[in-house]
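Sharing a structure below in structure tokens format, with a few things to ask.
By written order: A, B and C. Residues from 1 in each chain.
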Amino acid sequence: MERLTGVLLRVLRYALILALGIAVLVPLLWMVSSSFMRHTEFFAVPIHWLPHQANAEAYGRLVLEQPFARYYMNSIVISVVVSLSSVFFATLTGFALSSKYSFAGKNAVFVFILGTMLLPFELIMIPLYIMMRALGLLNTYGAVIIPGLLGAFGVFLLRQTINEIPGDLLDAGRIDGAHELILFARIVMPLAMPVMAALLIFTFVGSWNSYFWPLVVINSERLRTLTLAVAYMQGYYSTDYPLVMAAAVLSSLPIMLVFAFSQRFFIQSMTLSGLKG
Amino acid sequence: MTSGRARLFKRPWDVWGLIFVIPGLAYFIGIFIYPTVRTIGISFTDYNLFTPPVWSGLHNYATLFQQGIFLGSVKVTAIYVVVIGVANYVLPFLVALLLFRSRPVLGIGRAVFFLPVILPWVVVSAIWKIFYLSPGPIGFLLGLVGLSYPVNVLTYPGTALWGIIATAFWKSFGFYVVLFLTGLNAIPETYYEAADMDGANAIQRFRSVTFPLMRSTSLFIATVNFIGAIKEFDPFQVMTAGGPARATYVLTLFIYETAFKFLRMGRAAAASLIMCAAIVLVTVLQFRLFRPERD
Amino acid sequence: MNPVRTFVLAGASALLLAGSLWAGGSKEPTGAMASTAPVSLTIWTHTHAPANAYLQKLVLQFQKDHPNFTLSYEPAADNDTYENKLLAALASGGGPDIFNTASFSDMYTFAGLGQLQEITPQILSSMGFSSAEAFKAQYVPGIIDKLYYNGKLYGLYREFNIFGLMLNKLAFKRAGLDATRDYPRTWDDLQSLAKKLTIFDGDKLVQTGMYEPLWNADWTLIPIQPLLIQNGGAILDSSGKTAAINQAGGVKTFSYFRALARAQNNAPVKVPEDVWARFSVGDVAMYVGSTWTMPLLKDSAKGDARFSPDNFVVVPYPKAPGADRVDAPIQALVWCVNKQTKSPTEAWRFVNWMTTGAQAVGWYNEVGYLLPTKAMMDMAGSNADVSRFLTLAKDADLLFAHPRYNEIGSAIFAAWQATLTTDDDVQGILDKAAQQINEALSR
């Protein structure tokens, strides 16, 4: 009897995973499949799940009719700058606020930085816009990048990580007369590297996927990011669906690739934080 | 730790801690604190970006609470947050409970479930906007199980929000399953063994062991879920532009349009402060509710 | 004779005619054009390929005739962001010298924000006009008066698109009707025709009768404004300070369009996107259109054999019994000059040159934009379409415009969506819209 329920449960589990997996994959496969269809086939009834005459003309049109390579570059530049800066400063600030240092007001500063995680972006968006306007940065990379250069989550994560580093390592370095900066570069950073890498990926993805703030500050096609491009491709008169799907596929590829290679890191960094405390 | 804040620096090298923290601190002050203060200031003015701000006291706040569009958007946001909050808690928890013993399949399943989570919302919105067309893929799939799908759910005010909720659930589901799995895996076996020795069945085991020990995970999930849901913008703008007839006009969309389409910066600032207050309030409440007992 | 086909024929003949009548280039009134100091102007427009090309030509010609001018022209990359781009540029204290508005209401909005340079009497006299009347004499009488806001003239026409009902002959034929004979004269006609012209094949929608767009506020007003006025309704009351859309006229109008949708079994709501493509091949029987519609339909047909300009008929909007005017809607876009410009007189000089005389004729021939200028009036005698549209213009009115159009339009659009997609009481829907409009009008 026990065995029967055991087997039943296992079958149920596999069935569940299968069902959920299908539910997740079907829309994604549809996205890929329809990007290879012609516009007329797209609306065929009954529906074509796979293209009967697959062709990549949507992709061709995407690259020829629009500066799609430009959009790619914009997304890459912004995301790379934001993620590199974010990780570096998160590590530096996390180090400063960790158990490795002690100065008056340290905890207050940490709580303060942590508190900013609660603030919705809408709260600061209007003054940020006005600041960017005053600096002449509207419609430039700078306007998009500046609000993303450092995030509280990263500081929190790295502080936690650096707390775990044995203080003796640093003390040993100090006895040898090493400067604090050297300790940071030679001891702290290498030891924190796995978490830094996870944060890098996490921040990169967050920036790649961002839509709201670029929507507000970017008005010219020259600077458009991929997310903006995909959104603008959907006109209210009519939409060229295979084209939009092709753009969607191309916009998702880098993320999917990064994810495929660093899956464990990814999930780890996203789920890491609150569960320990 | 030692006695209070007697000294500025405990040890000679601590000064470097202060030095290292300055860039980050300055950044947060400049990018978060200063703008927040300015937002508060702007909320007491009428400001259209072109002419200088004009002091108007509490007028913006008063107007908001009488304004149908604002109150409507609060209602829509509340419905969204509550529904997706419950959905993203109960269902992933159940799935995690059913799955957490099964190791190997877990790895693959986890990877697949996470795909929608990492995709840009704009891409997911584009896919589902097409998915919901009638006739279209959803209609076909529902037809397979004998249900009919006569019209595009996004076209009608009664159903548009539910369409977006379903998509949002599809997108975030994997994230919460993984969170619950991590939390469940952290529970030491000894607790379960003790329960088994007491002859507890599955339900009793859940009530006395699993659920209580998942309190901090639950708190984390509830908080992340709520803050994420109330801040959501992309699908509401891309899939339905807040329509039809403002059925999906959430607070973030209200703030965005009030500021950049209607050029009423003061009113948008006030609305964003109200939103922030709501976040703080609910988060504090959640902490009270889920606080792990100090025993 | 198919009025639409004469667009093309008229083009060729008008060109010849224009060439002979205005031999020797632009006819500018002579006057004090003394300064030959270098002038540099930037021009921004939204994007519309034929217009972009023609404007480029004008820019080159003007520079040739006036070597001290340097004009740099930049069409927007796409139209969705054009308005935001303008706004952001203006908000930053910069922006182009000359631009066209994304919608007519923008002129009111920008003027209200103090961003526009009006045409002052001084500018008029430096352009060689002794008075405002002399200036307005270049146009159809009364047409420039519509461009005044708060007593000042802030814009000149770039587009003056008069709308009519467009009918697809193939779709009519499919229902056993003849578009040239059976077109709707009254709104009741329209409704019963729409019902006959909606064809379902079981559950599948094969043909839509009259399409009712669910796109945005402008495209809501284009179908409904005539009926609203004919019903004695209005968006704002005569003082302009209170919403009037929830009065009897408004309720009657919105109720009509709901009945129209229901008569077609809700087809206009059910139909998927791509209306222009469907209209171009005859899957939609009736819609609204203007002079720029045919090229758009040709594009949307993507080579489908069922498309041909001959398949379309343009007729006036229906008239309600008891109404004395049809009041066709005019969608106007205007040229404006930035308040920050260093050369206001020169900027307006260029805009005036660009939109009158032979240049106006060129706008019609090459782009299909009908500008209501004296040059076009003179052409009307020999060109049936120009004549017809100018006649229509006498029974037409600009679309509703207001500095707070974004908010008012949003309210109207939300009410329109609710009307078509729900069964809520129309009075209640419009009361809500009126409340939102009143909020928009208040401080």
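One rule holds in what follows: a residue touches a chain if its C-beta (ideal position, glycine included) is under 8 Å from a C-beta of that chain, and two chains touch if they have at least 3 such contacts.
Worth saying up front: this structure is predicted, and the values here are computed from it rather than measured.
With chains as nodes and touching pairs as edges, the resulting graph is complete, every pair of chains being joined.
Looking at A-B alongside A-C, one finds more C-beta pairs in contact between the chains of A-B.
Work out the mean CA point of chain A and of chain C, and you get 43 Å between them.
The distance from the centre of chain A to the centre of chain B, each centre being the mean of the chain's C-alpha atoms, comes to 16 Å. Shown for chain A are the residues that touch two or more other chains, namely 45. Counting only residues that touch two or more partner chains, chain C has 84, 91, 204, 272. Counting partner chains per residue, chain B has residues 49, 135, 260 touching two or more of them.
Interface of chain A with chain B (complex): residues 10, 12-14, 16-17, 20-21, 23-28, 30-31, 34, 45-47, 49, 89-90, 92-93, 95-97, 100-106, 109, 112-113, 116, 118-131, 146-147, 149-150, 152, 155, 174, 180-181, 184, 205, 208-209, 211-212, 215-216, 226-228, 230-231, 233-234, 241, 244-245, 248, 251-252, 255-256, 259, 263, 266-267, 270-271, 273-275, 277.
Residue ranges of chain C in contact with chain A, taken from their complex: 77-78, 80-81, 84-85, 88-89, 91-92, 204, 215-216, 272-277, 300, 302. Within the complex, the chain B residues that touch chain A are 5, 7-11, 13-21, 23-25, 27-28, 31-32, 34-36, 38-39, 42, 49, 95, 98-99, 102, 105, 109-123, 125-131, 135-137, 140-141, 170, 173-175, 178-179, 182-183, 186, 216-217, 219-220, 223-224, 227, 230-231, 233-234, 237-238, 252, 255-256, 259-260, 265, 268-269, 271-273, 275-276, 279-280, 283. Per the touch definition, chain C reaches chain B in the complex via residues 84, 90-91, 113-115, 203-204, 214, 269-270, 272, 404, 406-407, 410, 413-415, 417-418, 421-422, 432, 435-436, 439-440, 442-443.
By the touch rule above, chain B contacts chain C in their complex via residues 46, 48-51, 56, 59, 63, 67-69, 133-135, 150-152, 155-158, 243-246, 257, 260-263.
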